[in-house]
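Both complexes below contain chain A, partnered by chain B and then by chain C.
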Partner chain A sequence: MSSDGIPGPDSEVALRVKAMESLLLEKGLVESSAIDALIDMFENRLGPWNGAQVVARAWTDPEYKAWLLQDGTGAIADMGFDAVQGEDMVVVENTPQVHNIVVCTLCSCFPWATLGLPPVWYKSAPFRSRAASDPRGVLAEFGTEIGADTEVRVWDSNAELRYMVLPERPTGTDGLDAEALAKLVTRDSMIGVTKVAPPD
Partner chain B sequence: MRKMLTVPDLAVPEQQAGAALPRDRGDPVFDEPWQGHTFAMVMSLYQDGHYSWAEWDDYLGYHIQAPGHFGGDDKPADEAADESHAGANYSRFLAECESDGARYYHYWQAAAEQLLDAMHLVPKAELDARVAAFAKAERGGPRFQAGQRVTVREIKREGHTHLPLYLRGITGEVESDKGLYMFPEMVSHGHDHAHNHDHADTDILQHVYCVQFAASDIWGEGSHNVHFNLWDYQLQPA
Partner chain C sequence: MTRKVDLEVVNRLYQKAGAVRLKMDIEPKFKPGDRVLARNINPTGHTRLPRYVRGKEGVVRRDNGVFHLPDARVAGDGDQPQHNYSIRFEARELWGGDAPATDCLNIDLWEDYLDHA
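So, the complex of A and B:
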């Protein structure tokens, strides 16, 4: 371990994790089954496919969309995706006039119920610092062009309030149902760093 | 006190379920098993009410607050990016993000160690001692090899033991080394307790061997073989 307390290589930190888990198990503070269930939940149950279903429903159901934008927590829970930590959800809508981008400048708060765990870059210091100070620059890094007359809004998530973007429905999707639309929706588009591409 | 996780009832669509699902630019949620374990330990303790999420955030936020604040990355940004996105049109900025983000669970573990120490759940000295014990066990290879003859030691213990007592003094053949496992006598009786008895010098993490015994050697009759998984401590060379 280095002087700043951060474990070094993977093999070293893996050993520290194993040692900590063995002590917690012995003390009866955690149970193996609870650890396994949590890992399974985040690997297999929570993920952007949940958010994609929320987006697709909002695109096809104006009443649901109005509910989602007014009460994100309730509308998302209606899909069966309850808050993991009791956090409240706020959904912001992208339009031709406004483009929203979500960040957690202090740590890594993320809408777990709808998007799962955040991508690697979302948790990084460069993204967290620059997304807030230079969102157009960050969007360009992701290959996302935003017109000069489009307003860019940055939303800083915290542990209590977490944001998700309702992306713009792409053109050429008039004939698609919610199930087909959900397949077009990407995780990055719900963070607001990209747009949803039209179907091939 | 326990705050239950509410797992969404909605089934994961079949075409999206399973390990092949792209989640993080095609990467798995946890790159390494230890990442999932440090994440889940912090979550589980939080759910059981040992601390608030805000308290945890203070520790995690401190560790990930600034780029480069906690020392360099294992790999240069370009190299890390090249590995995961070979050939992709990938900006240098995003490569830096990936490189810093790859350290996330290192920061997470460091924050967890500090919080658990501060909360008197796992004192730092206790953790460091356990880490040293594990490191020692991993450095030493298995004492016995497949095919080697071993005899079960004449272990005398009060109370429950995980050794089938009828095997004491019986000789069998090592079928395979199963790797390192926690020695249950040390775990269930506690480290301090064990020190007062016959495990004072016993490693908490030991190789477990699958040992094959002839039934006739154990019971004096029978033509079959019986396999037992036994800890290093329980065996001696025949």
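So, the complex of A and C:
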């Protein structure tokens, strides 16, 4: 499909994917229903909208927030988001005093169950090296200014635990319920590279 | 023998498919608050001890529980279950005096990567 919506020749990547899919199916290594289920998983079922619901519940329910920060795995499982790459979760809270940012310096470990697959920049060598050594510089490039008095806390998720940031609830959201709040929460704010913007 | 990827394999991904935490009662070598030194080792094979923390001093923030040491598994040296810890390193310890005194980096390290400082 070309960018104007008119069907055109497939890109090289698309052709390669189609060729691989055909081969896997013909050799009986993969069932087509499994491919459909995998696409459904990452398109519709695992993604940042899950994490956003966790964040919104924590913003509106102090008991849940305390549970989430103490036992991220259990509290997230309570929402039903305990699928693959969410087996052992740690949730870290952003406050006016502490700003958390998550990186995987060795590869691209990411909490799929709550945030989906990682964005391309998260897997890139420049982000992986500079988020560790110069987090304030990286944050500034994302438009996120952190005060000199605020502690920047980097989490390198290179081992078996997966990390998610509980961003600060923006101002001007007092009247919003959890459903409306969840719509404000972005993937990037749960990685910790941005803050959640107030509603328009 | 390779297992065919069918619907059952995919659906298992919704059921804590990748859980790797071990329910083993192993005495931890370190406790929260301990000062530790990341070993300066340079293995040629797989390790989860990045170069930037080797030889640096940090503090145990939390005992994460018991997991297999990936270095040994990847090398085919069998299972070496041991505690893994969240270690806090001050930014200045890792990156020198120009780094902000307020900032820190936390990383999960296995027991074999650490000595008491």
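Throughout what follows, the second predicted complex is superposed on the first by the 167 of 200 C-alpha atoms of A that agree within 3 Å, B and C clash if a C-alpha of one lies under 4 Å from a C-alpha of the other, contacts with A are read in each partner's own complex, and residues count from 1 in each chain.
We take it that a residue touches a chain if its C-beta (ideal position, glycine included) is under 8 Å from a C-beta of that chain, and two chains touch if they have at least 3 such contacts.
Worth saying up front: this structure is predicted, and the values here are computed from it rather than measured.
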Partner chain(s) touched by A:Leu161 [first = chain B, second = chain C, both, neither]: second
Partner chain(s) touched by A:Leu29 [first = chain B, second = chain C, both, neither]: both
First, second, both or neither for A:Val84, with chain B first and chain C second: both
Partner chain(s) touched by A:Lys123 [first = chain B, second = chain C, both, neither]: first
Which superposed partner A:Leu69 touches (first chain B, second chain C, both, neither): neither
Chain B versus chain C as contact partner of A:Leu106, first or second or both or neither: both
First, second, both or neither for A:Val152, with chain B first and chain C second: second
Partner chain(s) touched by A:Lys18 [first = chain B, second = chain C, both, neither]: first
Partner chain in contact with A:Ala178 - chain B first, chain C second, else both or neither: neither
Residues of chain A that lie at the interface with chain B and also at the interface with chain C: 24, 29-31, 34, 38, 41, 45, 82-85, 106, 159
Chain A-facing residues of chain C, complex: 2, 4-7, 9-11, 13-21, 48, 50, 52, 64, 67, 84, 86, 91, 94-95, 100, 102-110
Residues on chain B engaged by chain A in the complex (per definition of touch): 3, 5-10, 12-13, 16-19, 21, 23-25, 27-30, 32-34, 36-41, 43-48, 50, 53-54, 57, 60-61, 63-71, 74, 89, 91, 93-94, 96-107, 109-110, 112-114, 116, 121-122, 126-127, 130-131, 133-135, 138, 182, 187, 190-191, 204
Chain A to chain B touching residues, read off their complex: 2, 4-7, 9-10, 13-27, 29-31, 34-36, 38-39, 41-50, 53, 79-86, 106-109, 113, 116-117, 119-127, 129-130, 138, 141-143, 159, 187
Chain A to chain C touching residues, read off their complex: 24, 28-31, 33-34, 37-38, 41, 45, 82-85, 87-88, 105-106, 132-136, 148-161
